[in-house]
Amino acid sequence: MRSIIEYLKEIFNGVLSLLRGMRVTAGYFFRPSEIVTQKYPNNRKDLVMFERFKGEVVMPHNESNEHKCTGCGICEINCPNGTIEVISKTIVTEDGKKKRAIDRHIYRLGMCTFCALCVKTCPSNALAFSQKFEHAVFDRASLIKQLNKPGSQLMKGVE
Amino acid sequence: MEEKVEIIATDEKQEFIVNMGPQHPSTHGVLRLVVSLQGETVKNIQPHIGYIHRGIEKMCESITYPQIIHLTDRMDYLSAHQNNESVCLLVEKALEVDIPDRIKVIRTIMSELSRLQSHQLFWATFGMDLGGQTCYFYGLRDREMILDIFEETTGGRMIVSYNCPGGLMYDIHPNFQKRVKDFIKYFRKKLPEYDTILTGNVIFRERTSGIGPLTLQDAISYGITGPSARASGLSCDVRKHEPYSAYDKVKFNEVLFSEGDTYHRYMARNDEMRQSMNTIEQLIDNIPEGPYAVKMKPVIKLPEGEYFQRVETARGELGLFVISDGNKNPYRVKFRSPNFVNLGVLNHLAKGFKIADLIAIAGSLDFVIPDMDR
Amino acid sequence: MRFDFIASYVSAFTGPWWKFLYDFSLLTTPVHEWLNGSVSPFWTTVIEMVVVGVVFLLFYAVVGLFLVYAERKVCAFIQNRLGPNRIGPYGIFQTIADLVKLLFKEIIPIKNADSLLFNIAPYIVIIVNFMALAAIPYANGLHAIDFNIGIFYILAVSSMSVVGVLLAGWSSNSKYSLIGAMRSGAQIVSYELSIGLALITIVILSGTMQLSEIVEAQRTGWFIFKGHIPAIIAFIIYVISSTAEINRGPFDMAEAESELTAGYHTEYSGIKFAFFYLAEYINMFIVASIAATMFLGGWMPFHIGNLEGFNMVMDFIPPFIWYIGKTFFIIWIIMLFKWTFPRLRIDQLLTLEWKYLLPINLVNILVMSFLVLKGWHF
Amino acid sequence: MSNEWLVLFFILGAIFVGLVPVFSGIVAPKSFNPQKNDPYECGVPTEGITWLQFNVGYYLFAILFLIFDVETVLVFPWAVVMKEVGMTAFVEIVIFFFILGLGLLYAWKKHALIWE
Amino acid sequence: MDNKQLEDFIKSIDQDLEVRIGKQFTEVIVPPAKLYSLARQLRENEEAQFDFMFNLSGVDYGHDLGVVYHLRSTVHNHSIVLKTRTSDRENPQIDSLAGIWETANLHEREVYDLLGIRFTNHPDLRRLFLDSSWGFPLRKDYVDDINIVTK
């Protein structure tokens, strides 16, 4: 007799636990307001990434096409996997001194692991992360980018 | 003409061998299990790993200590923060750097958040392994909030790279405390739902209790750590035994069970989520003021010698063993990754159970394959 | 002759034009008589067959596609997602797009597979489906075949689908499929019993196996209310075991995607895979309509005792809507099962059947027959 | 409508599933690749032979199913006439179910209901 | 036992063993021939009870190949490090400890795979990550012109 009561109790508790679970899921079914999906490509316009989001490394330029990169190559040394290549040249400044300056700052997005060591160690804060996150391209070659814009110059006052 | 092959065997010695993985929905990555079956019963399991072996240990030998951090992110991607912490703690210990309290507290909060999101993902995938697909979405929905917290402060969602030798990469974001508190409030409401859907469910109970029991002796012998071992009663929480960061300042319980079956491995993680929330709540309101990083030398060189640092990741004890020859690159780095060690016990646990149980057992050990392969 | 037809036509439509919605024989009988009068009986049958055939094919396709869409939407809402929302408003054309895509997919033959059985398996599954659909009363007078052993026939036919599943799994030459087939064999065979016994409980109450009569007998009240406790128990058992019978979660042992990737239809590609997929949903529709017919009064509206006004309003809703509404309610419940519960293990599945459902069912039948004898039902 | 209509539904199903793959075969692309026709086994070649004898613990369930399915078939006609025959029918079915229940209990106690 | 007591304890087992107290652990340098018996005693001795092997790493010391064992006792909560090394680079052989600690099984396979140290009496010594076409990449003299690019 006792075993029969146990048996019925087991069934009752089992069904009860199942019904509790169903109440949760059915509850969500009737509360579409809790849907969390983003309609991604449609909300592209008002999709704002966090300001610290590590999208890709960029070199900010100001309006007069000036950047802060002195071409010291610290970012290249700090990069763990050879993402960055700094090609520098020697220029002659106005007061006649020879000075090292950047020719091309090559950044290979396909190799970048977003460890932020380059941005962090840059002595003149020349590098930054952009919020761009759609990196897919059809051609791998276009993942190799030159960060300094053509014709750009070192900002005044940055050593 | 295709050659005729014998396709129906009557030989009884033939084994029914099924490859589970590398492309299988429940191996959580590219783990390959060669399972020999007797009917539905598992006779033997041969794990094959190495599909994503990247040679992280070899790579570490040619890069500097701050650069190692970005590799540790990619081992156990669910405990990225704790992995980073292990390197930082080791370097700081070796150089005898004094770390301000602010850094310690932030590190503790971040690693508890990290553990929380890892356990959420465990809950989600474990439910899915057992066939309850909705769990997956609920788990990920709540995990998303932690990832947002990470992203706001560190700029990365999973690959956080937030630690660096001597402190942190950046200071916490101004919204950090508010967001964490909001999340705790939200998750305290959602966690009972987890229990209703899965823990209390009679089918779930039947599927997991008594399945794949791991005794204390076996857990010790196989070197199991983390929640999987604590479910068997092995007290192995590094946070208690060798407190690092701010763990000596917070109160939390080490979740211990004695049964060691799949259900208790699940429960250990489930309870740890509550413990993590308690820990975070204790710290979040009293983050001390101070710098977020200590000024380190530009080139970090460890004194010659051998160093060992343990941290408690979400899956168990991560040991970092470094031999330094005084250069800026380590001479030898060995990661004692919890998943790699936990894999060894799979055959022992699942033998004699059914295929469906194998999935449950493998799920309850909570494998992250890149951590195995390194 | 022509005049006779017109007379009967006129008499049929003396009421409002939508009157046939409430009694489909008002539409079918005149058409039948007109055909009989204008052409020979042979051609009458041929024409009617073609018409019914086309209607059923359309119905089959529409129900199948709609259920796939509904499942995706329902599970999406349960899981806090949006579900398909790109093709058409609210994504309603998503399944049609999927069907077209599957149609244009290559059918891959499997090395060393038993090609005859491999190809024949989807046929069996689909044909069985069609034959079961034939005997369901959709509305007042909308009934392709009205057997006097209707419920028995549906049981017999629908249990044949296990043959298709077994063949599919066995012939694929894949280990996952084989395990899936073995599981589904044991599973469907077992749950056949519970379905039968649960339906017997209702047959005792109704005293007939003819589906139209069973529906008619529920004019005064649905059987789930008439037979109160034993009928409710039988209903629960029926829903559980029919979920198992159609291989749906939490009883989807044969597919078990986390264990067997896709179970018995792992190796099927393109449109053949679509057949299995479609058959699964039509099966769901069939078991739900049987549940609606046997327990929830088929197309009968919901009446409460002597509340004339309420009953009038209920009567105003066409029977077909009632039938579809009830069926979809059951389908919704079955979907909720799948998206809430974890999967059982094969031995637990059999334990559930043999140690729980079967004994309860046997006792339930006795209780029901006792109630009927004593007249303790409503 | 008469029962011969079943033939229609049989033919209908056959035509439906017969024609659609033919259509699909015409419009679908074809390409050859030696790995493509392999049975799926998670991306590695199948080890050993698929069709070999293995124990699925079917037998007892098949026997039990046979017993109970025959019983279902027997009970269906009984259920139809149960109301008219009355008490006699009830007593008979009680006896019948009692014997059947004993059989189930026997199988239960003998652990025949456990899938190996 | 603290580090000093451990040193005395090891000395009591075998006088010839070289014991060093390092920054964190007591380190014992064992010749491969004595490794198995020492490990067995450490595991079974009531006072020591090193039942938990939490790390095993193979090291290439340049001329020697070595293995470092990190042991802990879950009972007494003390740790010890065993180190062994062999100068045979062609066919290095070290006793397997998989019979004492099950966890050594996978660890030793890993060391075999990456450093090529053969563990005698190992139950299942196969390559773990890589296939047989690879050399032993964690050795310092491993050359791979294609996959390893040095700056």
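Read from first to last, the chains carry the letters A, B, C, D and E; within each, the first residue is number 1.
Keep this in mind: a residue touches a chain if its C-beta (ideal position, glycine included) is under 8 Å from a C-beta of that chain, and two chains touch if they have at least 3 such contacts.
Computed from a prediction, not measured in an experiment: that's the story for all the values here.
Chemist: Can you name the chains that touch subunit A as well as subunit D?
Modeler: In this structure, the chains that contact subunit D and also subunit A are B, C.
Chemist: Note the shortest touch-path length, in steps, from subunit A to subunit C.
Modeler: When the steps are counted carefully, the minimum from subunit A to subunit C is 1.
Chemist: Relative to subunit C, which chain has the most distant C-alpha mean position?
Modeler: Ranked by distance of C-alpha centres from subunit C, the top chain is E.
Chemist: Centre of all protein Cα atoms: which chain's centre is nearest to it?
Modeler: Central chain is B.
Chemist: Going by the contact definition above, tell me which chain pair has the most C-beta pairs touching.
Modeler: Ranked by C-beta contact count, first place goes to C-D.
Chemist: So which chain is the furthest away from subunit A, centre to centre on CA atoms?
Modeler: Relative to subunit A, the chain whose C-alpha centre sits farthest away is D.
Chemist: For subunit C and subunit E, what's the span in angstrom between their mean Cα positions?
Modeler: Chain centres of subunit C and subunit E, defined by C-alpha means, are spaced 65 Å apart.
Chemist: Averaged over CA atoms, how far is the centre of subunit C from the centre of subunit D? Could you give it in whole Å?
Modeler: Centres of subunit C and subunit D (C-alpha means) sit 17 Å apart.
Chemist: Can you check how far apart subunit B and subunit E are, centre to centre, with Cα atoms defining each centre and the answer in Å?
Modeler: So the centroids are 25 Å from each other.
Chemist: Need the CA-centroid distance for the pair subunit B / subunit D, whole Å please.
Modeler: 44
Chemist: Hey, what residues on subunit E touch two or more of the other chains?
Modeler: In subunit E, no residue touches at least two other chains, as defined above.
Chemist: What are the residue numbers in subunit C that touch two or more other chains?
Modeler: Each of 78-81, 112, 173, 175-176, 261, 339-341, 346-347 in subunit C touches at least two other chains.
Chemist: Could you say which residues in subunit A touch two or more other chains, in rising order?
Modeler: 15, 18, 21, 24-25, 36
Chemist: Each pair of chains that touch: what are they?
Modeler: Per the contact definition above, the touching pairs are A-B, A-C, B-C, B-D, B-E, C-D.
Chemist: Looking at the complex, which residues from subunit C come into contact with subunit B?
Modeler: It comes out as residues 75, 78-81, 112, 173, 175-176, 179, 183, 249-250, 252, 256-261, 339-348.
Chemist: Please name which positions on subunit B make contact with subunit E in the complex.
Modeler: Answer in residue numbers: 49-50, 53, 55, 57-58, 62, 218, 220-223, 225, 234-236, 241, 305-308, 310, 317, 319, 321, 323, 332, 334, 336, 340-341, 343-345, 348, 373.
Chemist: Could you list, by residue number, the parts of subunit E that touch subunit B in their complex?
Modeler: 22-25, 27, 51-55, 57, 59-60, 68, 70, 74, 77, 81, 101-103, 105-107, 110, 114, 128-130, 137-138, 148, 150
Chemist: How about subunit C: which of its residues touch subunit A in the complex?
Modeler: Residues 74, 77-82, 85, 236, 336-337, 339-341, 356, 360.
Chemist: What residues of subunit C sit close enough to touch subunit D in their complex?
Modeler: These residues of subunit C touch subunit D: 49, 52-53, 56-57, 60, 102-113, 122-123, 126-131, 133-134, 143-147, 152, 172-178, 182, 185-186, 189-190, 192-193, 196-197, 200, 203-204, 207-209, 261, 266-267, 270-272, 275, 346-347, 350-351, 354-355, 358-359, 362, 365-366, 369-370, 372-373.
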